[in-house]
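Next come two complexes, and both contain chain A; in the first it sits with chain B, in the second with chain C.
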Partner chain A sequence: MLEQIVHSVKLLQPETALAVTFCVLLVLDLVVRRKSNLAAWLALLGLVVTAFFVLQQASSGQNSIFFNMLAVDSFSVFFKFVILASSFLIILFSLQSDELNSGTRRLGEYYSLIIALTLGMFLMTGASNLLMMYLSIELTSISSYILAGYTKEAEDSSEASLKYVIYGAVSSGMMLYGISMLYGLTGAVDIYGINRALTEGDINLMALMIASILMVAGFGYKISAVPFHFWTPDVYEGAPITITAFLSVASKAAGFAMMMRFFKVSFLDPTVGNLAMGAWASFQGFEWNQLLAAISVLTMTLGNLVAIWQNNLKRLLAYSSIAHAGYMLMGVVVLSNEGLAAVLIYFVVYLFMNLGAFYTVMIVANKTGSEDIEAYKGLGYRTPLIGVAMTIFLLSLTGIPPTAGFVGKLYLFAALINGKWFWLVVIGALNSVVSLYYYVRILRNMFLKTPERSAEPIQFSFAHVTILLVLLIPTILLGVYFGPLVEYAQASLVMFGIQ
Partner chain B sequence: MTDILTYLIFLPMAGSVLLFFLKKERVATLKVLGFVFSLLTFGLSFIIYFAFDPSNAGFQFARRILWVPSLNISYYVGIDGISLMLVLLTTFLTPLALLSSWKSIEKRVKEYTIMMLLLETGMLGVFCALDMFLFYIFWEAMLIPMYFIIGMWGGENRIYAAIKFFLYTMVGSLLMLVAIIWLGYYASTQPNGRFTTDLLQLYSIAPAVPLTIQTWMFLAFTFSFAIKVPLFPFHTWLPDAHVEAPTAGSVILAGVLLKMGTYGLLRFSVPLFPDATIMFAPYIALLAVIGIIYGALVSMVQTDIKKLVAYSSVSHLGFVVLGIFALTEEGIQGSIIQMINHGLSTGALFLIVGMIYERRHTRMISEFGGLANVMPLFATFFMIVSLSSLGLPGLNGFIGEFLILVGAFKSTYLSQWFAIFSSTGVILAAVYLLWMYQRVVFGKMTNPINQNLSDLSKREIAVLAPVLLFIVWIGVYPGTFLQKSHNTTKHIISVVKQYTQSNLTHSDTTR
Partner chain C sequence: MNFYDTIFYFFAFVTLVSAAIVVFSKNIIYSAFSLLFTFFGVAGIYVLLNADFIAVAQLLIYVGGILVLLLFGVMLTNKVVSVEMKTGTLQTIPASIIVAMTAGALCGVFYMTDWKIVRSVPQMTTTANSLGEMFMTTYLLPFEVASVVLLVALVGAAMIARRDRAIQNLKPKI
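== the complex of A and B ==
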């Protein structure tokens, strides 16, 4: 028992580092009266230390700690890297955001909440116990509620926060109900136990179906899948842009990680199926992938169709991120390692291109004070660097080669075709065409229209260019040279308890 | 020599990178450098032309570098007789297009030249790629420069036309992507097989795909190419794109981009899926014939010269598709030469329309009349090009259309009615082109503004003369060009015959 705890504590180093950083930032905010960026730099330092510990975990093999509460395996490490990278970038974004740094607002609390949010997401990636899942979701959610309403003086920011709380409460309530039903059916709260119970026992499939639909409600809320997406546009529009970007990438990554682990570990039937080929079978008669396929189609189609009508870029990107969640869900539907690997690849790609698009929107909003598509008229000539960068991010989001977004879609489509989900892949392809329309609307305003009023260029500093390049280079490079990424993603599919 | 195709493909891109670092105020330097790079590319393609061995039906100058080991994707380029002709057409038309826009493009010259050079890289890549993944990348990447060329330097309604062009092509190409991946996986289900997008390997694997699946794959590929050609009824993007694009854009669009569709049919649809090809040949030929007649009839009623030329493309490309699906040697040879012809004749027509537009800023037929009096040189060039486009014996258009019609008559897969009906397209072409010519060039000069029009400048003559040279050359002695693609054509026909499944099973039973 004690041995297990000691072992577990050792493997909890990244989370511990985050927790310590969080506390330090909180205390700092009380002690230091002056307004400064010290908190941000300390938060970055904390993330670097965390990254160091995660790196150590990468070679520690597959473990389960605290009596199957958390899994520390290649799969969670992969997502931890994605989350760390986005937290790091978001803090850098925040340092440059006029929206946050204006006025007398002090940001110590803001940075400490970002660290808390990161901690919650870390726990989500490894959670292998239903209660742990619930707790980690709550930790992320509560931090995000506050962050979404951080610009208190802005009315829509407070509205966003409130909406977020209400939807969050309903979803987590549903999920909790699902958890209790699952516990009632299987007598276990850890996913390994559920799997064992499903293998051995005779379980009412109807009840199981209802329980897993309720679980999906919880996951669906985190990844903003239709019909649990209603909070997304308002929250994304109202929240500070840095938080919007953060939620659209990291929060989704954590939600996907948790969902994939839950479904794969609990519902995989080890007695059936061909694990060597990477394809797996779920329990007889229990086709939850059909349910996910339907959600995936709804999510991408609704996201894309509604995005067409948006003129506010933050809102447009919000709907586009709904659509991207739909694409990624396609990978989960296939029930194969190939499909999951495609999701992992997509997340890395999505991290760079989506944060890139949000970052550009932030730079423009800093200068023009507007996120409206009209503010982009002639941007390509006023500030060619930003125009070209945005073009590449948008083309990548559409999935046009030779950008990284194409590689992401390629692997998703490939997994679907190999799994014979032809109708789904055709819907995915047609959806990409729809998305082309609204992404190109922005391109059109940047390059094909001339500015109406002020034609002055947008000023940017060396720091802006550096961050832009950090996002831009992978977006192009991963479109041409993606071998290592793919191999790493495929190697990262190993979850504790599953071959 | 092994890397010569790589140099050819990426030379224009290197040029565009160089231009990127120049100041945009140095307009003259930018124009000259862009032109020089396109000329160098042409020179390089000329070397390839002479080094090409026509007796070899396979792919030459092939170069293969493994790119993505896990999916067995490689950077694989090579050309055969068909691609050679289209590569030459591309490298030939690009410098002319750049030269033609010397004066008409005044704003954003830097961006324009960069886009044109990038476009050239994309087009050359499409014609040289032997890996379907690589092909797809060039095919899609090329849309971006074309979108900007139409959208930035086009006419009034350019933004609508540009997005329509982009969306149409995208629908088709994504379905093609699905088929490419599907085919790759099919290869991996073969004994000792693995995922591959290598075209040469797939040539032997794909024909054995069960007919039901083959049908779907064939349709996915063909749909994508049919939009690009464009085959009736997928042609509606074309008039918009053509009319709104700047002259050089129209020249490249008509001259090269449309050929990518017919090239795709010939390179992918037909040899990969012979059974489905034979099954669908009459239906596609029917669409082609409808396109021939419909395009010609619509051309006849146009009041805008550019629109007339645009619709005539629908008609002319219908011939090319008919020739391909006749599946006879004459038909396919005719199609290849007709692709070149259409690139030259229609390209030249667009150039001429552009020249007249630069002078008058209108393209309405009714605004002109009697131009022969003030612009004799212009009238002569216009005459020859129109005659070539309508297929007068002695000029290039005749050779292509004649071969295609012969091929369609001889075809075992198509009924003779296809040839009979499509030959009316030749007559209609004479009607709409000559009628237009008559109204623009002959007659009394009714509009006094036309009185002071200047005749062609030296630069304009330099743009048109090389095209004219080839128009006459192909018309008088087509052997120079037919001989290069002769063996490749034969090879394709034999592949179709040899790999049809009835033949495969038949030879199995006789053995």
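== the complex of A and C ==
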């Protein structure tokens, strides 16, 4: 017993580093009275240390620690990298955000909560016990509620926070109900035990289906899948833009990681098919992937159709992020390693292009104080660099070659075709066409409309350009040279407990 | 229905009715007081489930601590006693259809499923000891994570409640 705990603590180093950073930042905020950016730099340092530990984990093989509470495997390490990269970028964004740095607002707590949020998402990627899943979702949610309302003086920020809390409470209540039903059916709280109970058979599939629908309420809320998406537009619009960007990428990645682990480990029949070869089989008569397929279609269609009507860029990107969650769900529906790898690839691509789009919106909002599409009139002539960067991010979000978004969609659709899900491919492709319309609407405003006379070019510093390039280069580079990414994603599919 | 079942239904009834009053009452004082019975009913169910420690903790912390604080908060706040709370209902017909369908499905599932039931319930002993042991061994990680969750919630509560002089000087952005 003691050996296992000692062994587990060694494999918990990244999370420990984050927890320590969180506490240090809290204490620092009490000690240092004057306003400074010290907290941000310390948070960045903490993330670097964490990254070092995650790198060490990458070579430690597949482990399950703390009595099957948490899995440390290649799959979770992959998502930890995605989450770390986005937290790192978000802290850099925050340093430049006028919205946050206005007045004498103190940001010590802000940075410490970002670290706590990262910790919650780390735990989500590895959680292999229903109790741990619930706790990590709560840690992530509570930190994001506070961060969404961090600019208290803005009314829509408080409104966003409140709406987020209410929807969050409902969906975590539903998820808890699902957990209790699953426990009642299988008598196990860890996903390996659930799988064992299902293999032994004799379980009411109707009850199992309802339990998994309730579980999907919890996951769907995190990844903002229809019909659990209602909070997304309001929260994304009201929250500080750095937090919006963070929620749209990292929170979604963590939610997907947890959902994929839950479904793959607990609901796949290990006696049928060959998991190592990538052919999965769900239990006889329990077609949970049909449920996910329906959610996926609803999610992307609604996201894309509603996005057409949006004039606020934050809101538009919120609906576009709902649509992207729908695309990525298609990869889970296929029930193959290929589909899963496609989701992983998509997430890396999505990280750069979506954060890039949000970063551009932030730079423009810093200058003009507006996120309205009208503020983008003639931006391509006023400030060519920003205009061109935004164009590339938007084209990538649509999935037009040679950008990275194309590669992401290519692998998703290829997996679907190999899995014989032709009708889903058609719907996905049609949705991409619809999405082109509203992305191009922004482009039209930037390049085909003349700027108003009073509009000045947007000033930006060297730091702005650096961050913009850090996001821009991968978005283009991954579109033409994606071999290593694909290989790494395919090697990262191993989850503990599945041979 | 044996004696045990009768007690269970009694506590379940108390919990549900008082919870309904918490939600539907227009007077916040009534809501706060009927929350007392909700907590009490839940504590009773815990006792029936042989979870003596949790039942006591429920009484001590929720009834003894949180509820009293809540009541003080309500009473010390100006005018809150007389404030009419908005408890309007919207979209009654679609909501009731969905609720009826969900409730029907859940009830159906509950009757048709044979749940995993432990038949041999061990003799009731104090659970505090084994709970403590499990917190330090099998459930060490959730226990520690729960403390982080609480810390974050605490920071958030302080953040929301704090009056920020600096921020008041800022003009609200419209």
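Heads up, the rule we're going with is that the second predicted complex is superposed on the first by the 494 of 499 C-alpha atoms of A that agree within 3 Å, B and C clash if a C-alpha of one lies under 4 Å from a C-alpha of the other, contacts with A are read in each partner's own complex, and residues count from 1 in each chain.
Simple rule for what comes next: a residue touches a chain if its C-beta (ideal position, glycine included) is under 8 Å from a C-beta of that chain, and two chains touch if they have at least 3 such contacts.
Remember, predicted model here, so these are calculated numbers, not experimental data.
Annotation for chain A, partner touching more residues between chain B and chain C: C.
Applying the stated contact rule after C-alpha superposition, one finds that A:300 touches neither chain B nor chain C. Contacts of A:486 after superposition on the shared chain: chain B is touched, whereas chain C is not. In the superposed model, A:145 lies in contact with chain C only, and not with chain B. Judged by the touch definition given at the top, the superposed model places A:426 against chain B, while chain C stays out of reach.
By the touch criterion stated above, A:154 is placed in contact with chain C alone, chain B being left untouched. When both complexes are overlaid on chain A, the residue A:418 reaches chain B alone and has no touch with chain C. Using the contact criterion defined above for the overlaid structures, shared-chain residue A:448 touches chain B, although it does not reach chain C. Contacts from chain A toward chain B in the complex involve residues 395, 400-402, 406, 410, 413-414, 417-418, 422, 425-426, 429-430, 432-433, 436-437, 440, 443-444, 447-449, 482-483, 486-487, 490. By the touch criterion stated above, chain B contacts chain A in their complex at residues 68-71, 136-137, 140-141, 143-144, 147-148, 151-152, 158-159, 162-163, 166-167, 170-171, 174-175, 177-178, 181-182, 184-185.
Contact residues on chain C toward chain A in their complex (touch as defined above): 105-106, 109, 112-116, 137-142, 145-146, 148-149, 151-153, 155-156, 159-160, 164, 166-170, 172-173.
Chain A contributes residues 1, 5, 8, 12, 19, 22, 26, 65-67, 69-70, 99, 102-106, 109, 112-113, 116, 119, 123, 129, 131-132, 135-136, 138-139, 142-143, 145-146, 149-155, 181, 184-187, 204, 206-207, 210, 369 to its touches with chain C in the complex.
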